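Since the structure comes first, as structure tokens, the remarks are kept for the end.
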Amino acid sequence: MSDYGKAFALMRDAAQGPWRDYTRHAFVEGMKDGTLPREAFLHYLRQDYVFLIHFSRAWALAVVKSETHSEMLTAVGTVNALVAEEMQLHIGICEAAGISQEELFATPERAENLAYTRFVLEAGYSGDLLDLLAALAPCVMGYGEIGTRLAAEATSETYRDWINTYAGEDYQGACQAVGELLNQSLTRRIGADFEASPRWDRLCQTFRTATELEVNFWQMGLTP
Amino acid sequence: MSDYGKAFALMRDAAQGPWRDYTRHAFVEGMKDGTLPREAFLHYLRQDYVFLIHFSRAWALAVVKSETHSEMLTAVGTVNALVAEEMQLHIGICEAAGISQEELFATPERAENLAYTRFVLEAGYSGDLLDLLAALAPCVMGYGEIGTRLAAEATSETYRDWINTYAGEDYQGACQAVGELLNQSLTRRIGADFEASPRWDRLCQTFRTATELEVNFWQMGLTP
Amino acid sequence: MSDYGKAFALMRDAAQGPWRDYTRHAFVEGMKDGTLPREAFLHYLRQDYVFLIHFSRAWALAVVKSETHSEMLTAVGTVNALVAEEMQLHIGICEAAGISQEELFATPERAENLAYTRFVLEAGYSGDLLDLLAALAPCVMGYGEIGTRLAAEATSETYRDWINTYAGEDYQGACQAVGELLNQSLTRRIGADFEASPRWDRLCQTFRTATELEVNFWQMGLTP
Amino acid sequence: MSDYGKAFALMRDAAQGPWRDYTRHAFVEGMKDGTLPREAFLHYLRQDYVFLIHFSRAWALAVVKSETHSEMLTAVGTVNALVAEEMQLHIGICEAAGISQEELFATPERAENLAYTRFVLEAGYSGDLLDLLAALAPCVMGYGEIGTRLAAEATSETYRDWINTYAGEDYQGACQAVGELLNQSLTRRIGADFEASPRWDRLCQTFRTATELEVNFWQMGLTP
């Protein structure tokens, strides 16, 4: 398992069951051995593009909710990486697969997709930066873990590009930065022993719910 | 069909298919003829209690987003009706059915429930009062329509209390007030011919999505 | 000094200088001995009406940001008291003084007024319930303290109605309820020793800034 | 007068008096002829650094409130320019003037500063992207106009660096982009004849209030 810092490790442990369901979902295993149907992958990719729009908005909300220059810089960096890079990547892969930008932009949002991003955004609007980060972390770091594992274990080249993106240095660096942001923002607001705070359980619950919504997202991917 | 004003009628017409699926769902028809299993009803009621917490928060957000004294008064009145009356009703029915307040408060939120309330709250946070009201209207007025129809058509006494609540003068008055608020807030922000505005389609889309999420909510009610 | 609970007492002590400037401002002393010009009082009252609109919105935001039934009930109760009672009181006093409702509603908002309410609302939007309550507390409880002291010390009958409102049982009960909400929401989120948390200083800073903005508000009252 | 598009021109015309007070304030004229005391300039610069933190947060909120890819890109670009460039510029000038980063970061926020940024953020949180942009525009475009005029009219080299920043191609390009964003987001939400909408007056009022808060900000700059 990847090391993205103390807070993430604790939250992941508290969501053990859903975390395994998420990071070892049939969709993921299908990318590993190449058995995932192309149609399912493209369907997922289009939904993921819609997802990234709202996920970028949620990271922009993290800028709004930042209290320090350093919190702000990490959040701005993540918004940039999402809007300027990851979304462009999806546009590129889709175009190569014959899905035009217009078609991609017009993808109708599936209920599982909507549920996840609205949960994250609402957690952020109603709470402070910690509530928002607890909801954002499973997606960022889960993809980091999946990428790293599949880079080592993949037995097929079919989804190698996707795997390399999330296993790559850039993405892994982003996971490290978000893990660090999580540790520091918790320490700043709660203290070094943040896991002893009455808030901790609710933050872990937010992380767990977002993880369960990731499971539903993969599941949706399997049913175009 | 109930008359709750011009804007509501137009939005309902634009969401015709999902509106029918919502207001004539098997769960609703089961309350009409008394075939709905008690277990499904109590399961629904417990989820609806959790729903009402977040729905009340969303109506409180309508107070925050109000621009006139009159908008404020209607929204405050609705928050009160929800928190002081409708939620108490649920507590009462559940207690009578042997579900204690502690058990009710600890109901785990189902994904279909979460999806709906977070969608409404996020629409409100990210938009203005109109975006919020378009997301709030289907629940308020749909229950009004269902209540009125079932009061006339019910062939069983099993769910008469529930039906009477939503068919009753108090609840119907609330639907009228929200219909009026919808008309006035649209006119104030867009003009009397609000349906000609470029925003109109997106507001109808928000209404439609909330209606679809109502369908999913009933469906969840059938599977305790 | 009034006893509105532990958290309030600690926050007030941490803002000692500004708190004295606020609760013993020349405007307040002028109400005590009746030397405050009527014109200043009416000017203040009109601005305070505009203030109450936004202050009610901020308390509605506290409903949105509530995590428990009990937090919700106190916040809903406060919104009601503000919208249904305190605002009506201002309308009444102004009408008796020859200021029509239309004129009152059209009062141009002074910069000192705007600064205060937008600070409170933004603290609430960007933070959680604690950040919002820290910004709301100085107004609620300061008026409670001023009312109690002036009821005992006033040497003139000129502003007796105003004094009685804030010294009265209803208003003092509201101060107690908000003090209790402050204690409980801090304990729920941080723990019983909330004053040892790294957040505490920033919460006290929010309370202090709101207190300073109260001083500016009285000062504005003196210059119609 | 600079040409930053139709919507901006109309809003500026509707706020004519305050706009002149803002763009031709004594502080500005003092930079033009070099009579502005260095102490006032550095005091302003430190407050402006605190301002930029919250102004960047407000632009990040514009990303959250975006509905199209193109709205998102302009808003993300502006956040970047503010956080990565303009704030660094202030750090640099302050350091050259002997004000360390620690000292700069610890600058106590003046009431005129707080009033302005909280007004902008709250307008954005409570309204939609249009309400937010109407509050953001006066700062962005006013500095653009001031920079252009002073580049042509300055009779002293003392504040040439500051003037060149805002007269420069980069900053003027940002003003053009924001003017375009204003036009397009108005057209998308209201229609091509947006100035005929009932919302228009309130949007102009928001622009006007922000302009008045800019006047207060310059005034604060004169009194360290």
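By written order: A, B, C and D. Residues from 1 in each chain.
Operating definition for what follows: a residue touches a chain if its C-beta (ideal position, glycine included) is under 8 Å from a C-beta of that chain, and two chains touch if they have at least 3 such contacts.
Computed from a predicted model, the values in this text were never measured in an experiment.
Peer 1: By CA centroid distance, what chain is farthest from subunit B?
Peer 2: D
Peer 1: Comparing the two chain pairs, does A-B have more C-beta contacts than B-C, or is it the other way round?
Peer 2: Contact tally favours B-C.
Peer 1: Distance between subunit A and subunit C based on Cα centroids, please, to the nearest Å.
Peer 2: That gives a centre separation of 42 Å.
Peer 1: Between subunit A and subunit B, tell me the centre distance in angstrom, where each centre is the average of that chain's C-alpha atoms.
Peer 2: 32
Peer 1: Could you give the separation in Å between the centres of subunit B and subunit C, each centre being the mean of its C-alpha atoms?
Peer 2: Comparing mean C-alpha positions, subunit C is 34 Å from subunit B.
Peer 1: Residues of subunit A that touch two or more other chains: which are they?
Peer 2: 57, 64, 121, 125-126
Peer 1: List the residues on subunit D that touch subunit B in their complex, please.
Peer 2: Spelled out, the residues of subunit D in touch with subunit B are 64-65, 67, 125-128, 131, 187-191, 197-199, 202.
Peer 1: Given the complex with subunit B, which residues does subunit A contribute to the contact?
Peer 2: Listed in rising order, the residues are 57, 111, 114-115, 118-119, 121-122, 125-126, 209, 212-213, 216.
Peer 1: Would you tell me which residues of subunit B are touching subunit C in their complex?
Peer 2: Within the complex, subunit B contacts subunit C at residues 53, 56-58, 60-61, 63-64, 66, 69, 72-73, 75-76, 79-80, 83-84, 105, 121.
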